[in-house]
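Look at the two complexes coming up: chain A is in both, with chain B in one and chain C in the other.
Take a look at the complex of A and B:
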């Protein structure tokens, strides 16, 4: 054989001597991968349809609200009310995204491939949780930013108006964050219990929607205390209650909040306990999964 | 350096089921066959080596590290190929192996490069960009091997790598494992319930049964006896035996077969000459190694 050009040489196996990243970067890689997965990036076209449909809907609604406000000069919906109004969409988004993040891995049996790597097993669950929370926050916060930009550019009071608008936006973003944390931790915990995506999605929707009638029943009971505590029974109204207490007027701008009486701190404590319980159960769940 | 060492390693589940009982073994780098029937404790041992399960008692060392106290350091240098299906069907092999490379701490671009290298080494080329769901069992096994290889480990733990493969696929997989152990310079532990399969590629064998060590030794030490030639003739076996004995060959009978130790190439000629002179119908003449199975059998009469 002559030494013709274009010969492919088998260079054989090469050992790797370069840098190996630490725990934090690996966590970051898994987190970034999770956020991309939620929005179907790097996945099939079919996986992109639903998330981007939801993104389109919330963006169009936000743009519509902005347009109406600029025309009639009246605030149709505050930032927080926007988040509340979109809550049913967020529920469906979680019901699709959470199983995509964790149920798929459970079903395909890929977890032993993760847990045989240096990544601690808790990191896997926390990275996925953080990814889902971020995605939900972006889903609600993105349109709020659209609303802010629309309001800022059409304000008639110059920089002063922009500044006031910003002070309205920030609590709105904070409130969106609260939605994201509560919904992500509940949704991911439910999804981590089963490898079947349909079951996981059904379970998540059930947890959020089935609890709503409970609130309804409790709020017509003939006791003011029970009525004021009724909103604890469902995650959606719980979030509303906390927002109402913590951000108060900033949130609703005098458009009537939830009748929770003086129980605001109770709502906050329950929300914190709920998230903490969900996260602990999630970590426990993955301890068991990893040992299998 | 010792590759793996266990000392009185015991693992019981819930105090009732004993998976490993007082296992003490130490092996040197190379290709190690871990053999035992289903339920012998192979997978439990692997999980303890990876630090995924804590042992009930006893000590264990992998590459000089203790997986019970420093599992991350062990897992950074070990690649693991599980026995069962472990691949998400809608990802391509290239994407999956790249992602898992990053999970092992490889920077993004390095992970991509090493993933395609690893997939090339296991024999997947253009098909690596197709979704894994459409792969054959053999291709899936190769992807599982590639993901164990992507971060350049010092030790590979392969749990039943030939599971579900047809005979040709088994041979290819075993050849690949042998190549990794010899050319790549990576030590390999191959779990199998088929002794005949791993003995061909291993230089050390560890046999366990019911969580107990049956025997651990280098294959060379187990097969110090020379290879033998098996001769089978359709008739006149006695005559041939007598003739071969007359030629000073230490011949022995094994059913219809005559076994002659293979001293050198002349042995072939002597046997063929003897058969031709007696004008016997030669049925077969082939070389066979001492099966390691024969070496295990006498030590463990209850399981024959």
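Take a look at the complex of A and C:
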């Protein structure tokens, strides 16, 4: 037997001895990355076109409303009504953002890489959901801040006027949060069903759009109860109904709300149940995806 | 029936995601039947169901999913190369795909809207709606098929057209209705079966000419684009 001719060189491999970050940091990183993904930050210019198009439109509308208000001195749209008026753009934004967040990962098959970290199945879904919710809230809240600043700097009643304006803004931001939660949970659930971004976007829009005419039909039924419950059928009118009940006059400032009768609590319960159902289905979905 | 037609049809129906298209027509029929059964005045439920749901949502969304799917799906996963390398003239690829897309959309939309039209008014209205929505399906399909060759994000661009141009602007800025396929379909259906249920500001000759122009123009554009088509990876 001849002597071994091979040598094992020490080329300086070292073990990692630094601190190992845990679940919370993974969650935080995934969340931060999600918010950046939605707005296309850190990605190519092509990925920025659609999100920033929507952001530009809502900001321009808010600036226009502010300008009109400062010239005429009349409130064209309250903060909450701004969110309602932008509903089509919010739907489009969800259709752009939700597939980017979840469908790409499904399609490129990187989920096993994520789940090989100290990351429970649910955390992945929840981080993405939180990211989409934050992005939607920023989308609706940012322009409201523009409107607030415009109103605050042009008020003729000094600090008192600014304070009143702030009291109007806060319910508006709360309402925007409600929009964000409901739309993010539905949109992300639909997007997580398919790995094709194109189909996910189409599916999201189909879900949101086909429910709107249902409300229109139900509200002309020959029954008062059905009419008052009609707004449950579509996510955007459901949010409107909850806002109407919870924030009441503060929301509309006497500019006509939805005729929901005494069913306000029903709207709130249904909204909570809807979000809970969407989130639990999303978690179930990721248990299955991860097991693959 | 050419091989391309067959491949396209199989690509559409062979996946379970085609079932995603079913709820839309079902809701349309369901609402019409419900309203009829409860005896609501057709003058009240006709516009929201026929126009609001049928022509403004079901037709464009179905045409968008199918129209961008027939070619866009193959471009996405790169299998379009297999067709492009065959010694086929480009029009023999685009036309069968367009025919499949328009046919599938027209049937998916036509059946429920016929039922809804008959329940709302008369068989004549039903047939008029079917004919008009078939013309609309052809125009939409040509538009979305061309979009899937012009840009890498055809669905989102199509959504911009459907949601923002037809939906948002068409509602507030009446001038944009002249360039909206949805309004042309309404005008054509109203001409074939005049009822108070359908109403639009676009004149019928304009609608007919523009529908034809869009269908032909975007088909030619698609054929031309496919002539010098470069296969690229997925957008980042």
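In the analysis below, the second predicted complex is superposed on the first by the 280 of 292 C-alpha atoms of A that agree within 3 Å, B and C clash if a C-alpha of one lies under 4 Å from a C-alpha of the other, contacts with A are read in each partner's own complex, and residues count from 1 in each chain.
The definition used in the following text is that a contact is a pair of C-beta atoms (placed from the backbone, for glycine too) under 8 Å apart; a residue touches a chain by one contact, two chains touch by 3 or more.
None of these values were measured; they are calculated from a predicted model.
Novice: Quick check on the superposed pair: does A:112 touch chain B, chain C, both, or neither? Answer first, second, both or neither.
Specialist: first
Novice: Going by the contact rule set out at the top, does A:213 touch chain B (first), chain C (second), both, or neither?
Specialist: Second partner only.
Novice: A:92 contacts which: chain B (first), chain C (second), both, neither?
Specialist: So A:92 only meets chain C here.
Novice: In the superposed arrangement, which partner chain does A:33 touch: chain B (first), chain C (second), both, or neither?
Specialist: A:33: touches chain B, not chain C.
Novice: Let me test your reading of the model: by the given contact rule, A:13 touches which partner, first (chain B), second (chain C), both or neither?
Specialist: A:13 contacts chain B only, not chain C.
Novice: A:205 in the overlay: touching chain B, chain C, both, or neither? Say first, second, both or neither.
Specialist: A:205 sits against chain C, while chain B stays out of touch.
Novice: Have a look at where A:194 lands relative to chain B and chain C in the superposition and call it first, second, both or neither.
Specialist: Touch status of A:194: second partner only.
Novice: Looking at A:288 after the superposition, I want to know if it touches chain B, chain C, both of them or none. Which is it: first, second, both, neither?
Specialist: neither
Novice: Identify the partner contact of A:24: answer first if only chain B is touched, second if only chain C is, both if each is, neither if none is.
Specialist: neither
Novice: Could you tell me which stretches of chain A are touched by chain B in one complex and by chain C in the other?
Specialist: On chain A, the residues that contact chain B in one structure and chain C in the other are 43-44, 47.
Novice: Hey, which residues of chain C end up touching chain A in the complex?
Specialist: Within the complex, chain C contacts chain A at residues 17, 20, 23-24, 27, 31, 34-35, 38-40, 44-45, 48-49, 52-53, 56-58, 61, 64-65, 68-69, 72-73, 76, 152-156, 159-160, 162-164, 167-168, 235-236.
Novice: Hey, which residues of chain A end up touching chain B in the complex?
Specialist: So the residues of chain A in touch with chain B come to 12-16, 18-23, 25-26, 29-30, 33, 42-44, 47, 104-105, 108-110, 112-120, 290-291.
Novice: Applying the document's contact rule, which stretches of chain A touch chain C when the two form their complex?
Specialist: Contacts found on chain A: 43-44, 46-47, 50, 53, 88-89, 91-92, 95-96, 194, 196-199, 201-203, 205-206, 209-210, 212-214, 216-217, 220-222.
Novice: Using the touch definition up top, name the residues of chain B that touch chain A in the complex.
Specialist: Residue list for chain B touching chain A: 47, 50, 52-53, 72-73, 75-76, 78-80, 82, 84-90, 95-96, 99-100, 102-108, 110, 114, 117, 121, 147, 151-152, 180, 183-185.
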